[in-house]
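What follows is a pair of complexes built around chain A, which joins chain B in one and chain C in the other.
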Partner chain A sequence: MISTSHVVRRVSGERAFRAATLSALALLSLFFTGIVVSLAAYTDWDTLFSTLVSREILFAIKLSVVTATITTLLSVTIAIPVAYAISQTEFPGKSIVDTILDLPIVISPIALGAALLVFFNTPIGAGIENNVLRFVFEVPGIVLAQFTVVSALAVRLLKSTFDSIDPRYEQVGRTLGCSKLRVFFRVTFPLARNGLITSGILTWARALGEFGATVTLVGATEMKTETLPIAIFLSLAGADIEKAVAVIFILITIAAVALITLRKISGKAYPI
Partner chain B sequence: MKKMLFCLVMALFFFILVGSVRAADKRIAAFCGSASKPAMEQAAKAFEKERGIRVDLHFSGSGTMLSQMKMAHRGDLYIPGTPDYMLKAEREGVVDPKTVKIIAYLVMSIDVQRGNPKNIRTLSDLAGPGIRVGIGNPEAVCVGLYAVEVLEQNGLLKQVQKNIVTNAPSCSATAALLVMKKVDAIMGWRVFSKWRPDKIDAVFLKPDEVPRLAYIPAAISTYSNDKENAQKFIDFLTSPEGQKIFARWGYIATEKEARKFAPRAEIGGEYHLPEAYNALLGK
Partner chain C sequence: MIEIKSLSLQLGPFSLNDVNLAVDDKEYFVILGPTGAGKTVIIECIAGLHSLRKGEIWVDGNNVTSLPPEKRKIGYLPQDYALFPFLDVKENIMFGLREKDFPKKEMKGKVEPLAGLLGISHLLNRHVQTLSGGEKQRVALARALAISPKILLLDEPLSSLDVRTSKYLRLELRRFHEELGVTTIHVTHNLMEAEEMADRIAILDMGRLEQVGTPDEVFFYPRTETVSEFIGTPNILDCEHYKTLGHGLMEAVCGGISIILPYQGNGVKKIAFFPRDIHVSINKPIGPEVKYLRGVVVKIEPFSSLVRLRVKAGENILLAELPGDTFQSMDIGVGQEVFLVLKMRTLRIHC
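Coming up: the complex of A and B.
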């Protein structure tokens, strides 16, 4: 039998634990809200509005949205087979491959951008530039820089999705006479639906915010390679803080809309 | 045992942290445009050795540095690459106008790959077919703004604009375009060729092609808590010893010497991007 004091102690212990975790949650949320709200100190409503409708920023919004969307489509398309292979197959040296795929997530984007820039100085890179497609200083370079930074994230997110799917579903499908391909599209793919949407939206949002690799590979040319983060950088570089803050708000709004959409579509918190 | 090891490591970290803060009690922070980078770094080292005052140097575009000072309300010295940003800083009350001193002069030149493989001799050569030109972003980088002014004043803006393949995000990034062999020519400062003589050659402009001479100014910030030591660093930069360091890196010390390159040029002041430039960009 459990004594009353024991129960009381357990309840108060639970309360303390609950209070501790909730206050940590409150603190962190307040911190993020606080730094965004503090931007208001430099918000000038006229600047905000005139910035939003200026041709330069409209161009930046369009460029950012288009490149991030292309990057996401490419990343997810490639990440699906890659993540499936890593999640479901065993092969020698898998941990090495796994580590290589994780590296771009932790390496500073500016380092990846510099590496890309150097790559296009090699004979192979120069050959691609001269005969296939120009990347350095050009719009395709924005997609390449974003892809280099975010594709590994798409793989990581999708891998955890595939990991969470019980392989028995596939086995059952196989015993019912489906081919491997058919099982993948009829069983695994629908089960991975939420994970796919989640990784797609997070990859998109991350690509939209990419700065370091992009500016290193394509420079900061107005009306050509000026994405939203580069517009923020250029406004700060021109000592125009009000304009920078206006663009920051645009970026935050787009990111927030993306995340809200994500929650609406997937219907639950994302699996990471 | 594990706990003890953990404590030991933490204690070590703590001492390293405290030690590194203690090492330099007297320290000031200077926010510099990267146009002065190599010479400023050497000057700060010499100053610390001589006076025991550490100068923490921050380098980026002159405007970026001004933004950071304004947003954080920090910094003892502001040393942009050109007077344009100093005027802006004065207007916005970031620096004390009475403390502005000229450290060195800068002259525009066409900078090309070492050995000038594309044989670029004049400004109009930049408009030649297939020449790839880079400039700093004129809205954000002083060397880019001066580039547009030179091209406009010489009636070449439209012709050269079609060859401009990129805008670099800072002064040093503009020079890096040549070092990385990404363009055939940049509109840069003459000193760039002294930074990397193994990679960059300077093609001088004709004296009457230069509409404006730039200079690197330094001033004490209104946010400074240590105006006395900040003044000491400005004094050091303008002293014969400081000037020698700047001369060694190819900067021009006096107006008289700078005048040799552009006798009729204006000095300092502000230049605003012409409407024609925005029209060319389709803005």
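Coming up: the complex of A and C.
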């Protein structure tokens, strides 16, 4: 028989646990909200709007959006077959390959940028620089730096999408007349649609905010390699805090739009 | 005709061992076995979903072992139906037709009669996620049948449905089979489902084929202990002679004991009844002597929460099952005389 004191103890224990978890949640939410509010408090709104339409910031927005979009298209295009192979195929050394593909996620972006810089000082890298396309201190270098950092993220996100698809769908598609390639486009691709969009949005947002590898490989040249994060860096370096705050607001707005879109998409997911 | 020749396959810890099987044209063939027996793997091999290291699969005299699934013209209904969630019902059914470049104008003429036969015409514009289990099964069946397959493979098609729907769909599946005449292989772990639906049954256990035969052959002539156990270890008695009693009854003499049963007309070769359907009593039941059998307990074995008694009655050793607590209250020992009552409706008769 359960005693009254036991029930009281259990209820108070549950309340304490609930209070502890909700307090942690409130603290962290307040921390992030506090940062945004402090930015808003610091901002002179006239300066913000004039900064937003300045030539330099419009250039940074355009460069960031264009490079992040190219990087995303490249990353997702390559990540689709790579993630599918890792998810659906068994081969010797698979776990080693899987680990290698994860490395860029955990390595510091500055280290990755430095590694790229070193690569372009090798004979092969120098050959590419001189005969194919210049990357170091040039705009294509921004795309390369972003790609190096975010492609692994795209692979990881897409792999989890392909992992979640029941192989039965493909099997049924095969018996209904599809070849292996056709079944990928007619069955797997539509099933992975939401995962592909999610992966694209997160990859794009991550590429847009990439700084460490980019600044190491292409430097921080105003109106040349000036992406939004580099614009923040240059503004702070020049003690132009208001300009930095304006750019931070742009990045926060883009991130918020991306996250809201993601929530909308995940609400429409198929039960696969 | 489908022929499986010396099929062996290793899939992780599971293996199929030298399976040989022949399924006739237009036959409704059921592969029956416990979970993990390898039933699904066999039909996946027929569908071409596994590459075989040993063995061959022939369809209508052609070796299809190395053909990919899309070239085999096989309709496959997986256990969970796997309806494409990004398509509506009509598009699901037309999926295979589109792949075969079936003329658009003729698609309607193909889909609508099929939907009519399966009773899903009213569902064609519905989204598959809004369908019930039984509706999903019919839509998946329509999708598989739309490509006019030579063979239909059904993997536990009724196991995820409630009892009522499942019973109804057993009859429906048989009806579709009679109307369309497609050679069908149906996989199940449910003995009653297999007996009700099959022209022939194959019993599979641990990747090995134990027996193939008509439902009566498998039930009354179990070839191995495994088969007997799988079908519920029935008592099967050979009957020597019989006589008509009138009032729709007859009396058969089987191994020296007399059993009253409903009139069968053609005579009686064997009578079977399950151990659970024997009522055991230590006191002589009230009523005429023909309504019970006398026997002597020769062995007592605990069996899960039950107790199994082996009772010598006439020349037969009958197996009876009692709940453990009932056995305790009866105080039965080896060598003791007991009375066995058989319920007439539980008798299974082979003529």
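By our rule, the second predicted complex is superposed on the first by the 236 of 272 C-alpha atoms of A that agree within 3 Å, B and C clash if a C-alpha of one lies under 4 Å from a C-alpha of the other, contacts with A are read in each partner's own complex, and residues count from 1 in each chain.
We take it that contacts are C-beta pairs under 8 Å (C-beta built on N, C-alpha and C of every residue); 3 or more make two chains touch, one makes a residue touch a chain.
Predicted model, so just to flag it, every value in this text is computed and none were measured.
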item	value
Simultaneous placement of chain C and chain B on chain A, clash or fit	fit
Partner chain in contact with A:Asp44 - chain B first, chain C second, else both or neither	neither
Partner chain(s) touched by A:Ala220 [first = chain B, second = chain C, both, neither]	first
Partner chain in contact with A:Val172 - chain B first, chain C second, else both or neither	second
Partner chain(s) touched by A:Arg182 [first = chain B, second = chain C, both, neither]	second
Partner chain in contact with A:Glu129 - chain B first, chain C second, else both or neither	neither
Partner chain in contact with A:Asp102 - chain B first, chain C second, else both or neither	neither
Minimum C-alpha spacing, chains overlaid - chain B and chain C, in Å	34
List of chain A residues in touch with chain C within their complex	166, 168-169, 171-180, 182, 186-187, 190-191, 193, 270-272
Residues of chain C that touch chain A when the two form their complex	44, 47-49, 68-70, 72, 74-76, 78, 80, 82, 84-86, 95-96, 99-100, 129, 143-144, 147
Of chain A, residues touching chain B in the complex	42, 55-56, 117-118, 121, 136-137, 215, 218-223, 225, 230, 233-234, 236-241, 244
Chain B - residues contacting chain A, complex	60-64, 66-68, 70-71, 85, 88, 134, 137, 139-141, 165-170, 173, 180-182, 281-283
